[in-house]
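So, here come the structures, one by one.
Both complexes shown next keep subunit A, but they swap its partner, so subunit B is in the first and subunit C is in the second.
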Partner chain A sequence: MARGPHLPSRMCGMEEGAAYGRSGDYMNKKLAIRNNGMVWIIPAFLFLLIIIYYSIIYTFNLSTMDWDGLSPTMKKVGLDNYSKMFADKVFWKAIKNTVVYFAITFVVQNLLGFVFAAILHSEVKLPTVHKCIIFIPTILAPATMAPVFRLMFSPQGMLQHFMDFAHIPITVDWLSRPQTALYVLMAIVVWEFTGMSFILYYAAMSQIDKEMLEAAQIDGAGNIRTLITMVFPLCKGTTVSLAMLGVIGALKTFDIPYLITTGGPDHATEFLGTYIYRQGIRQSHLGYAAALSVMLLVMAVVGAFLTNKANKEGG
Partner chain B sequence: MKRHISLLLALLTAASMILSACAGSAAPAVPAGEAAASSEGGSGAELVWWGWTPGSPLNEQYIAEFNKEFPDTKITWKQTTVDDYDAAIKPALANGEGVDIFEVSAGSANGGVGIFGGQAVNMEDALKGYLGDDYADKLNEASIASMTVDGELKALGVGTVYAGNLWINQDLFDKYNVKVPTNFDEWKAACDTFKENGIIGFVQGAGQGAFNMDTYHAICDNIQPGLFTKATRGEAEWTDPVFVQALDLWKKLFDEGIMQDGALGIQQYPEANNMFLSGQAAMVMMGSWYTMNCLPDTMRANMEAASSTDEPFAMVPINFPDIAGTGNTGYVFCDIDYATAVSTNASDVKAATDFALWLGASEAGQQMIADSLNLVPVLKSVSPNWDKVVLTNPEKQNKPVQEYLTNAMANPDNPRFGGISADLNQAMMDVLAGVASGTLSSADGAARLAEVE
Partner chain C sequence: MLRVKSKRNRILLQILLFIMTVPYLLPLLQMFLGSLGGRGLYNYAAVWNTGVVPIYFRNSIIISAGVILIVYVLSMTAGFGFAKLNILGKEVFFWLILVALTLPEVILLTPLFVTFQRMHLFSTFFSVIFPLAALQLPFTILLIRNYDEGIPVELLEAARIDGATTAQAFRHVILPLTKPIGSAVTMLTLINSWNSYLLPLLFLQKPTMQTVTLLPQYFQGEFTNDQTKILAAAVLTAIPEIIAYLCMQKNFERGMSAGALK
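Take a look at the complex of A and B:
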């Protein structure tokens, strides 16, 4: 619970306040509220109430309706949208895609980010240039990069030209194949967000006491062993933060799959975000889209909770 | 502690009441009839027109022409992309302000009148007053039928689009001495010849489902004309062998190399369009809206947008090849491309209605539509002024383009998306992608279409 500013002890507590009579009671009540911190959290609480909690309650209410978004009447359907969701193959495909996407992008992205951060903490030439090169993809808007990637990974694109030039007999039609499209998207995401992992690991490594690392090396630990047994555990907080961000990010993935594959082919790159948009906007099933959104929220909260719990249990 | 809980509950209650009061109502603020009756139509009206097509600067040119007759009405064109339109207009209409005139289309396409028509005034009386009691005889049938929802005319069609044909780069066909395809074997032979010369024969952005539906519809009409439309109306079963055969033929286009490699990974716009306009591909599945590219200036601008600095070439429309070997060719399907609706919350319903009538029912407005070659006008008395309209290569283009438009307008009742619900639309896009990629059999695909309520 948030605490208010420290008040002199004689101004707090009902016991002392009772001695002040009627006007003293009033003052004590007022001060008790202030001491409890309510006054101080009200602005933020109201903001949260309006922006977050009201929206959540509204969305949950909407999830029990059948509504197209504009019709003057909403039809109450109870939990039918949830039953429909659990029987919906596309919903389960989106969940499976999300799990695979998180597992692979989290490992690859953070491994690369960690390695790059470690390399740039050693004595490399032109470190600033390298940092910029690694980080630039993170600041590029997916909307501007999407057409580039669509063309790059098509048989008429740059990658195919390279394959042809190098006489490698591979047709770059990976985005058009349900078996490979998701992996292409994951490669794009890794390319785009490795810079974020890198910058966080780089900052975390800057906090490590150099004397500890020197002591390990005096004890005979090589660079790789120092990195694995000393540096990586000391960056655990960063890894947990990245895991939490990764879980939430994977659950709300929208822009890259929507802009590059629109969730296809045949829902092979469908995520909850794209499916919610498809149901809510394209097909005007606002109630069903709301039910999917509620499920997304539940999964995000559970994911964040489990990540946090795993962190605490791990010491 | 109890006091704190009481305080918290009081705050929550107050906040909920405030929020409830602020929340937008789902119901329109003014019923259509009342809105029309309360319209002022006075001078100095300032209106906002929302839409996605045809885009600047054409929309501004329409407004400028309209202002020659109605100088006191100021209209601002607000454009979104096709894909973003539904997402943008839905909250704008629900909000009830800032939208006076908006574009809608038939069926399940973006801006579907079935969804958004509820926010539009009934225009039947206004149209009757403008064109007379026989207004229906003067307009394309689809402009009335597809824009009528629950017995009310919710929008005025501006022009129709026809699809179901191919466009070819005639200059490339002439250069490589390739026969224009009329059946499956010729189509494949043409694609092979172009491929040998480093050119894509036929290009389709099969990652964008609407154009796949055009191709599938064309195949169905090739096998048995009209059955597709019957199925959309519930008069035929999607499990009919015709639809399974059509899915087999659709798959064959991919397996036999008529569809370019990786077709499912690219979009019709911009990729396929750019490949055709930049001369990288010789054939593309596009409809009558592509006719505007026969105008040299329009084509040059669109070629530049496709990163091509070449000179405009002669593109001509051809019938969808007879790939089923039935002899049924030349069928196209049509929809109102877009129609103009007047919001029930328009700041000046009369002025907004004047604009919709001018664009969709006046000789002046419809002549502009006709001469742009972007759409076929809905007013039957208007057609492109071929004395003024000069194509890139009149010798190669005039005859096929004029024949194409004449044939298209004479085609029987065969809606493009007009009869397709949003759910069927999505299911069909899924099935076509699944069959093309081999994750779904044709029979299973047809069964999945039949499952849509």
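Take a look at the complex of A and C:
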């Protein structure tokens, strides 16, 4: 990299450069470094274009068709799939489930992640062990854990054992009751993703000036008050990032409901992802599934845009 | 962070932490205890003796390695471009990435199913590797961009003054400095490609090409719903992941903190 003395080139103007040994060479390289950015992002964008944007355009087109995936021709139906969607009770049920799911899991998961981060930034024993236990659920595949959860919340599972132990005389198959299935799924999701919230809050908190907090605490502010009035506002950026990932994640939800309840019972755990799969892959209503997909994508983009905007205005 | 002075409060805090952590262990405990039900360790032998476990593992390793390679190269270069170089219409490209970030896997299924079949890519490892990498890229590009923005411009200026081309500056300045975010991205990509379920389920039709996430399903067929063996298979799938995480834990944490903070 270093090729002899270059100190004068720091002040290199045009006329000086002409007198300097390899100035033409140097100027070219300077220009290259300033403007060559496109070359560096094009490979990634070509890749996204071919896979992602191709699929988006394909889906837009397909959403105006009626096609079962087998017949050689698609039938043009205009916006029929969309009007069918707005009249579809299951579609609205999926939207409602997504909203409830997002509201509850977002609050619980981030509250837990925040408290874990605060505690593990204090003087406690075995911090690494706790960190690993909290984060391991995030790395395990929902597909691997699905049979475990189906057992855990069944009458043969651990939850029932605890209830028997506490002499609570009820036997419930929590995942096959429409009233409880969604809440069990939310608990599973919180279990899985607290690690993510934790690690991001933990990182944010390590940037906070400890002396400032100590000063406040010496002035008599209690722990809980310090957390609420000082630490939480200082972690605002993290909360907003988590909100954005949360909105997108809630709309994308597929693996956990599909693998554990397949969207049932009676659409109680239906999400847009599982419904698209049901309509498209299971029942071969590909045009209708495409219209649902377009709707999902629009909502995700709008959601991401709004949280991003809220972040800029508030921050 | 929390100020605990008295010994009593310190113990109380430790107990609170313990109580909060235990629920995160319970599903793992259920998995392990469940796998020992019926005939105990014999369940593991039965699962192993089917001979499919190593094959499914090999396939998952091939797919994850492919995805990590593509994601690492493309997001390192693109992240650098975004953070440190001039790009015409940067905002537009940024929004294109954000839109791609929001894209759910399920939307890709029909378009890619039809297209891969036409291109004779269907039921090859590429049919899973390419979409997984594309789904992963937006997030990793953003993470690396954030990280690279924190690298002082002076370092690049110095390299340039020493006569380095952009590529040389990338190799000798950026790459060594981005190791923490590099391992965070590798870990995240490993988790997501190793855990992917839907794409291998639909796009890998040959039994010899399927991945570890399809093992529970395989054993559901093989052992007609013998839960204990399905759970033994789950334990066998989980262990390598946990070991990989424990090995990379320190680096991962550092990279996540540096890349995720803005």
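Going forward, the second predicted complex is superposed on the first by the 266 of 315 C-alpha atoms of A that agree within 3 Å, B and C clash if a C-alpha of one lies under 4 Å from a C-alpha of the other, contacts with A are read in each partner's own complex, and residues count from 1 in each chain.
Assume contacts are C-beta pairs under 8 Å (C-beta built on N, C-alpha and C of every residue); 3 or more make two chains touch, one makes a residue touch a chain.
If you're wondering where the values come from, they're calculated on a predicted model, not measured in any experiment.
Colleague: A:125 contacts which: subunit B (first), subunit C (second), both, neither?
Modeller: The answer is second: A:125 touches subunit C but not subunit B.
Colleague: A:56 contacts which: subunit B (first), subunit C (second), both, neither?
Modeller: Second partner only, subunit C.
Colleague: Now for A:232: first (subunit B), second (subunit C), both, or neither, which partner does it touch?
Modeller: Neither: A:232 stays clear of subunit B and subunit C.
Colleague: Have a look at where A:137 lands relative to subunit B and subunit C in the superposition and call it first, second, both or neither.
Modeller: A:137 sits against subunit C, while subunit B stays out of touch.
Colleague: In the superposed arrangement, which partner chain does A:181 touch: subunit B (first), subunit C (second), both, or neither?
Modeller: Once the two structures are laid over each other on A, A:181 reaches subunit B alone.
Colleague: Could you figure out whether subunit B or subunit C reaches more residues of subunit A?
Modeller: Result: the larger residue contact count on subunit A belongs to C.
Colleague: Now for A:152: first (subunit B), second (subunit C), both, or neither, which partner does it touch?
Modeller: A:152 sits against subunit C, while subunit B stays out of touch.
Colleague: So, does A:82 touch the first partner subunit B, the second partner subunit C, both, or neither?
Modeller: Once the two structures are laid over each other on A, A:82 reaches no partner at all.
Colleague: Which of the two partners, first being subunit B and second being subunit C, lies in contact with A:72: first, second, both, or neither?
Modeller: Touch status of A:72: first partner only.
Colleague: After overlaying the two complexes on chain A, where does the subunit B footprint on subunit A coincide with the subunit C footprint?
Modeller: On subunit A, the overlap between the subunit B and subunit C contacts is residues 29, 33, 36, 38, 45, 50, 54, 58, 69, 147, 151, 277, 281.
Colleague: Quick one: which bits of subunit A touch subunit B in the complex? Just the residue numbers, please.
Modeller: 29, 33, 36, 38, 42, 45-46, 49-50, 54, 58, 67-74, 147, 150-151, 153-156, 171-178, 181, 261-262, 264-268, 277-278, 281-284
Colleague: Under the definition above, what is the set of subunit A residues touching subunit C in their complex?
Modeller: Spelled out, the residues of subunit A in touch with subunit C are 1-3, 6, 9-10, 22, 25-26, 29-30, 32-41, 43-45, 47-48, 50-56, 58-59, 62, 69, 112, 115-125, 128, 130-149, 151-152, 157-158, 191, 194, 199-200, 202-208, 210, 213-214, 217, 223, 226-227, 231, 237-238, 241, 248, 251-252, 254-255, 258-259, 272-273, 276-277, 280-281, 286, 289-290, 293, 296-297, 300-301, 303-305, 308.
Colleague: If you look only at subunit C, which of its residues touch subunit A in the complex?
Modeller: Against subunit A, the touching part of subunit C is residues 1-4, 10, 13-14, 16-17, 20-21, 23-31, 34, 70, 73-75, 77-78, 80-82, 84-88, 93, 96-112, 114-115, 130-131, 133-135, 137-138, 141, 156, 159-166, 168-170, 172, 191, 194-195, 197-198, 202, 212-216, 227, 230-231, 234, 237-238, 241-242, 245-246, 249, 253, 256-258, 260-262.
Colleague: Using the touch rule from the top, collect the residues of subunit B that touch subunit A in their complex.
Modeller: 3-4, 7-8, 11-12, 15-16, 19, 23, 26-28, 86-87, 90, 93-94, 115-116, 118-119, 200, 206-209, 260-267, 270-271, 275, 280, 422-423, 426, 429-430, 433-434, 436-437, 439-440
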